[in-house]
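Listed below are the structures to be examined.
Next come two complexes, and both contain subunit A; in the first it sits with subunit B, in the second with subunit C.
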Partner chain A sequence: MLLLLLALSQGGCWDRRELEEMAFVLALGLDQDPEGGGLRMTAMVAIPNKMAGGGQDGGGEEDTVLVTTARAATVPEGLNLMDTYLDRRISLEHTKVMVLGRSLAEEEGLWPLMDFLGRFRSVRRTVPVMVAETTGEEVLAEIQPVLERDPHRYLEFLPFTTRDTGLSPQGAHLHELLTFTENPGIEPVSHWVALRKQPGGMNTEGAGKEGARPDGGGKQGGGEGNEGSEDGGSAGGGPGQGSPPLPGPAEPRGWEPGALPRRGGPNLEMVGAAVFRDGRMVGTMSGEEVRSLNLLRGRFRRAFLSVPDPLAPGQQVALEIRAGQAPRYRVSLAGGRPAISGRVPVEVEVQGIPSGVDYSRPEHQGALARAVQAELEAGIRKLIRRAQEEWQSDVIGLGLRVAPLFPTYDRWGAYGWDQRFPEAAIDIRVDVNLRRFGMQLQPPNPGR
Partner chain B sequence: MTWWERLAALLDPAATEPPAAFTLGDRGVQPPEELEETRRRLREVQQTAEALRTRVDRYLAALEQSGGGPGEKGAEAYQGIGDLSPSLAENLERLRQRFRAPDNADLIIREIQVATRPPVRAAVVFLEGMAEKAVINSHILQPLMLLAHLDHHLQGPGDPPADSFPAKGAARGREGGAGRSPRAPGPGAEAGAGDSGGGTDCPLQAILQRLLPGNQAEVKPALDSVIDGLLYGDTAIFVDGCDRAITVETKGFPVRSVSTPQQEMVTRGPLDAFTEAFRVNIGLIRRRIKDPRLVTEILQVGSLSRTYVAILYVDGVVNPKLVREVKRRVSSLKVDYVGSSGVLEQLVEDRPLSLFPQTLSTERPDRAAAYLAEGHVVALADNSPFALVLPATFWSQLQTSEDYYIRWPFGSVLRWLRFGALVTAVLTGGLYIAAANYHHDMIPTELLLFIAARREQVPLPAGLELLFMEVAFELIREAGTRIPSVIGPTIGIVGALIMGQALVEAQLASPVVIIITALSGLASFAIPNYSTAFGLRTLRFAFIILALVLGIYGIAVGLFGVVLHLAGLRSFGVPYLSPLAPRVRHAPDVTQRGPLFDMEFRPRSIRPVDSRRQAPVARPWDPTVPRRLRRRQKGDGSGEPR
Partner chain C sequence: MEQGHIGGGQAALLIFTILATKVLLVYPTAMIQNGQGAGWLLVLLNAAWGAAAVWVLAALARRFPGRGLAEVAQEVAGPVLGTAFGLTVAGGLLFLAALVLRLLSESFIIAILPQTPPSVLIGTAVGLAVYAGYLGLEPLARAHQVVIPPVAAAMVVVLLLVLREAQAGWLYPVLGPGLPTLAQASLWHAGAWVEVVLLGIYGHAFRRPGELGRAGLWGVVAAALALAATTATFTAVFGPEGAAREPFPLYHLARMVYLGRFFQRAESLFVLFWISGGLTYTALLLHGAAVTTAQALGVPFYRPLLLPLGLLLFGLALLPGSYTETQAWDALLRQWAALPLFGIPVLLLAVGRLRRRGGLAHVR
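Let's turn to the complex of A and B:
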């Protein structure tokens, strides 16, 4: 009996904590300390009393979270520091997102964090990792969600939208970042966020006045990611009467966070991805490139896409593309230089044909399919070119396809895929299947 | 005595001392009353010995008279030889002594003259309150006193000659009783009547055959068997000069009529329930199994209560070993009082210390009949409106008879729902405590923050809060059961509404805890079996405490222990978790309720001697039945179980 009790007590969890004695960190921001040395840690801590919606007073105006920043050499030390001035024990069990500052990601990289986060039990490995254009502290402190009352919910749900847009990497969570960094065959990407910079542009209050708010992004001029601006404005809701123009590229080709052609809404934008190599951020990719990346990784779900109308120049056809089967790759190492050819099946559903061309007819279907194929292949080629030349980082994970050709892991490691990837000959073809035409087969037939 | 003196006397310990004149003897020495009782016992032992000697003497005399040896019928003949005296006065005196009359007002002795020629002195004896007086008046007293002198010219082949009414040895060698009560401990009285020859001019047989129109009347040679009959509402007739007595069935004690079930409600299905009269209960079952192989064996349990326990089974289906074991356990009981089947259940179950009942008690005759048809044994105790089904498995505790009366998909869903209720009833509280105290990452963030916000205002720690609420819930439940029905609604309102409302408003308990308490309480009431629900409710407290001390680990340890215990439990030799553990072939009738045509076999776990319940094709009219099955059925017919 005594033995039984002893055995039980040895295995028990003796760190009992009442819920109300805990401070739950909902979002964690990590930045490089500008003064050099150490981390700057920002925690968004829930205030359950305010958050549960049922305070005694109206409750809506008060902040439901507190954001605090501390400087420390390591993450645990930072938590300790926070514990000294927060009366509750701080816990990372419910952390929803991690936001890294760009400078931290570029200069120190993931390595210093990775060891800690990999060992630390209470951090969930499914936490999405974002890299902020400025600092994580700024994102957490300034973020103003509109639809959600609680900022952590906003941050939690934002990465989910990529399922429908394909514009942000799928599954860029902590675990993937850690494993992909260690895997020689693939390099990770993370979400890429930025705050919009116009002050007071989109406040949380005054949703009714939103349309009348004049100070859009007029002074912003182009933004940073303007390599796609040659297509800008063609379909993006022409400059109306009196309404200020919405700058920024109209097509996902050039969409970068912080510079989307839009007005109103929350002040955070998440599109594209931060690209890593050897645990260090080496660049960013645009929304369209991320979509191609998702397609190539086999992670793509569905997205809307507009392609130039092949039979009516100047017009666009709106389509929804879905992932078909997983992409197939064929790899050969003959001739010293890896040659990879792949086929990416894609299914297409027509969403709208403004030109009125009846693409459901067999003789026109091919033209539309070719247009889609050309559009997607162009995006893919661009991504591969940038990956090979600019970042020299195999974010697509082609290395995982090459690795099976080696009998042992050591041989594969010795092959040095890092160096071989930039010189690989990569040829990707997209197989387009026109599947559906929406609720009606033919375009509306005016007047005849 | 002034009022304050009276008041002071209430606080005065000396006032509670018993007066010198009266004490029950609480001061050490053995009181004379016990000595008196001991003496009386000794006297009774002496009388018993004398009675026994009388019987042995008569037996030997009968043997001598018949000339032969005891033979194989010796024991049987001995049963027919009693210890009653030919003297009416002596018999009545012994009877009075046994019944403590005249102190005991219930023993009614009516001395009469039987109006035969010549008249015979006799006595009609019955117990007040147990016998039906109208029957005694019209069917016993009237024929004996008024009609006996009428000439009975109707003469049957078995009758004694009419003119020799008080004939000597009139009924030699003839069957005595008009109907044998199943309670008759021995075979018929004819041997004694024929062979003992004790009463030289005993008109008993003639009275029995001609004058008593009661439908169950029999000759009893021994005083003890007469007393048994009296205690069960029979009327005894002692006739002067006869060393035997007649008992006539005149049961007439108050009995509640058959009414609707109080605990096992159904929406679809029969609405009759067992009552306290076990003969009625047996009838309710027999009405549902019209097979001559349905056997009712009756045992007596309890030295004081002499409760009749009926063991019912379908011979040819049930495993005879099981019947033997049930009978062995029931008849071996050495207790004084068995008031109800609930007592019997505790006395015969394999592990009385377990939290789980190892018999299935039901108040529904249809359910008992269904289990009989499966090959179980049903035990009915007198004065108890509940039948015990033996053996019982864990799964049967979670089933109701309604599962079979509705169509199978819904029956299955109901069962799954009950499994959900089982888990909810046992684990909700513990899981909440474990999650809120140890494993904060188990709860979704929003819910966690909501709980935390509510908890902030509650002064008690979560575990104490939950225990407090659970105890309050049990209080309400218990008070609601015990409360006199006049003020029942008041308790409902005070307990449930006002207290719940006040608790939340005073923020002594968070709404989450109230929800959890209510949920687990509700779930425990969804468990159809009353005593299983009790066991589960007790387990719930154990799990809360385990979770409080050890977290999820504690719950895991507790679950392990409970499953271990359940797996080791046996009910009348049948593993409690069978047929799932140990796994034997079974009809889809354990965790789900399959369509009826799939239930071809009786439960293997109770090893019925006839395991097939129905033909392989239960619905031969159906053209969609595969022809292969149909042909097989036509071919060998029986379809032995593999």
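Let's turn to the complex of A and C:
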């Protein structure tokens, strides 16, 4: 043990780094340089004395981070450049999130960055990766969280919400992006984010400052937002007849970031996913499609879902769906065309029945289960159709189910799964199990 | 010759450690480069050569009980050839220890201490190895019993914690490049198990010569399972393409541990693996080289040899110009050392039988 302690003391001299000598990048934005020939690298860097715990000593309402952008041929060169004016040694060890600009993801793709991201010591592969509708620089510079004081904390927490919504890809971190890109059988997706662009500026939309309650009477946490902006104030109003509309997606539940039907809150939205094929972004999927993707990948945890009430047309039933067992797939290559059938078990808990139909009665449960099954299968069919026809990208990872049918790599490679995937016959069934009915048995009876 | 005695369990643990130290090096990556998704299968096939070497060494120990490899060589082949063989084995062990120490130091520098000169890390390890060697085989084996089980348990925890990132599909096609290619690659990498020769060197330390074979086999099987499990996990987490490019499998896996915000950065555990594995490996091989040299030269004490051999080890470790050069030397040494280190014990056994040395003749 003494020997171990002696050896552990080795790090004390040459590699000594004092915390006050370091500048920690909490979020890293990477964009294509519009002037060509390099990258635009944006770093959200912690200001330690402002993050010291809030309050007066901690800096109150002052920014806890600084955002700086540099143009460089490579990321290490950009870091070097930032070192020259930040007076501290910049480090990526504590980077919580990476934001790629859309043009970089679409035009240059991941391949030019992959070597650096895999090779550079301080880049952690567990960092979530987001693709921004515009640029990483814009997202990092303009993001305005409400519940969190620190923008990096907001960015760090946001991907965690997918465990409860299923509307963003589960596990879309750098490691997955890199490994799914370079290995056969599955293609990656990443988080997909956008800033809200609205009349009156990014932080105002009708009800005073962003984050204020729609009735205009609320105050933003931390004391801001009580005055309202000029634009927003004029358009604001209480809910009800005077309330301005909340435009949403063209398709029901086709949620996309930057266009959620909502008012108030932070100016960033993360829903849906950016789809990659062979290292380049080839499209985006909506939140509903991502939920189907999470189910098919076996990554789904839980989410709330509304389905049309099968016994009361025009009404919806609110449900919570949870992952059951892992999806099971069967693959057949007979006849030259790959045929894949799968069963995805989900468990359902009823959360609200506005129609008053008593779904706790066994004779009604079959209808509700079929309605949930139809809703989920429709979403899955839509995702598969887009993956096969539009993106031609096996984001589901069905190739990983096909590979075991081949004895050797040569034969698996010769089969050419990437070319076969678009023509595969894929049939997925959802097995719905109605497990629970919330905190009460029968719904209230309004006629009584 | 001052001698310590070790039990079968201690010997198995020692053999397990020196063989499984490869988990910190590029060995799993090399197996994946050759076996793709079937890298884990290649490890098991490759381990068969280690088991075969144990079988030969066990037969030799039964025939020449209570004697080390160099002493057996002198008895069978005469003083000149026997001494030459003993010195060759000692030199091979020393060179192997130097290259592995350099590889471990370089990987430590690349991953954790980028500014620290390799000479400092190597010098510290050699100093500690000389001290450990001076204490002798028995204290080394006992320290092992305390240190290695928790380290091995920590490695298992790391492997379990990254399973959530694993894609079982990347372990297929199950035969990788095909069985003939795997068999060929297993032979080509047979030198990866060359360290089992230590069993022969420590033949004198077993109270019951029959234990040597059992201990060796347990050590080889346990190391093979540990290496195969790491290779399989590494392949399933990084994919066959990615894993074939990452030189420090266990370190990369440890960095992937992420249980929310509560448990992450498990690579700090890796420092423990590195130090315990590296020090044990260096100390044992240095001790083995000193004992063999003493046996070959007929010197009654090995301890005075530790410091000069340690200095030689230090110098040899600094010879290669870079990490990749060290790797190339290590591959070359293992490839060509495999033949004498596996072949000569077979030859000793055969010649011993022909010349009626050892065995019943010895008893008579």
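Observations, loosely collected:
In this section, the second predicted complex is superposed on the first by the 382 of 448 C-alpha atoms of A that agree within 3 Å, B and C clash if a C-alpha of one lies under 4 Å from a C-alpha of the other, contacts with A are read in each partner's own complex, and residues count from 1 in each chain.
We take it that a residue touches a chain if its C-beta (ideal position, glycine included) is under 8 Å from a C-beta of that chain, and two chains touch if they have at least 3 such contacts.
Predicted, not measured: the structure shown is a model, and the values here were computed from it.
In the superposed pair of complexes, A:Arg124 makes contact with subunit B and with subunit C alike.
With both structures placed on the common chain, the touch criterion links A:Pro257 to neither subunit B nor subunit C. Touched residues of subunit A were counted for both subunit B and subunit C, and C has more of them. Residue contacts after overlaying the shared chain place A:Pro151 against neither subunit B nor subunit C.
Put simply, subunit A uses residues 8, 11, 13, 15, 124, 156 to touch subunit B in one complex and subunit C in the other. By the touch criterion given at the top, residues 1, 3-4, 6-8, 10-11, 13-15, 118, 121, 124-126, 156, 160, 171, 175-176, 178-180, 182-186, 397, 399-401, 403-404, 406-412 of subunit A touch subunit C in their complex. The touching residues of subunit A, counted against subunit B in their complex, run 8, 11-13, 15-20, 22, 24, 26, 46, 48-54, 91, 93-94, 96, 122, 124, 152-153, 156. Residues of subunit C that touch subunit A in their complex: 36-37, 110-117, 120-121, 124-125, 128, 131-132, 147, 165, 167-170, 172-178, 237-242, 245-246, 255-256, 258, 260-261, 264, 271-272, 275-276, 279. If you check the complex, the residues on subunit B that touch subunit A are 436-438, 440-441, 445-446, 448-456, 461-462, 548-554, 557.
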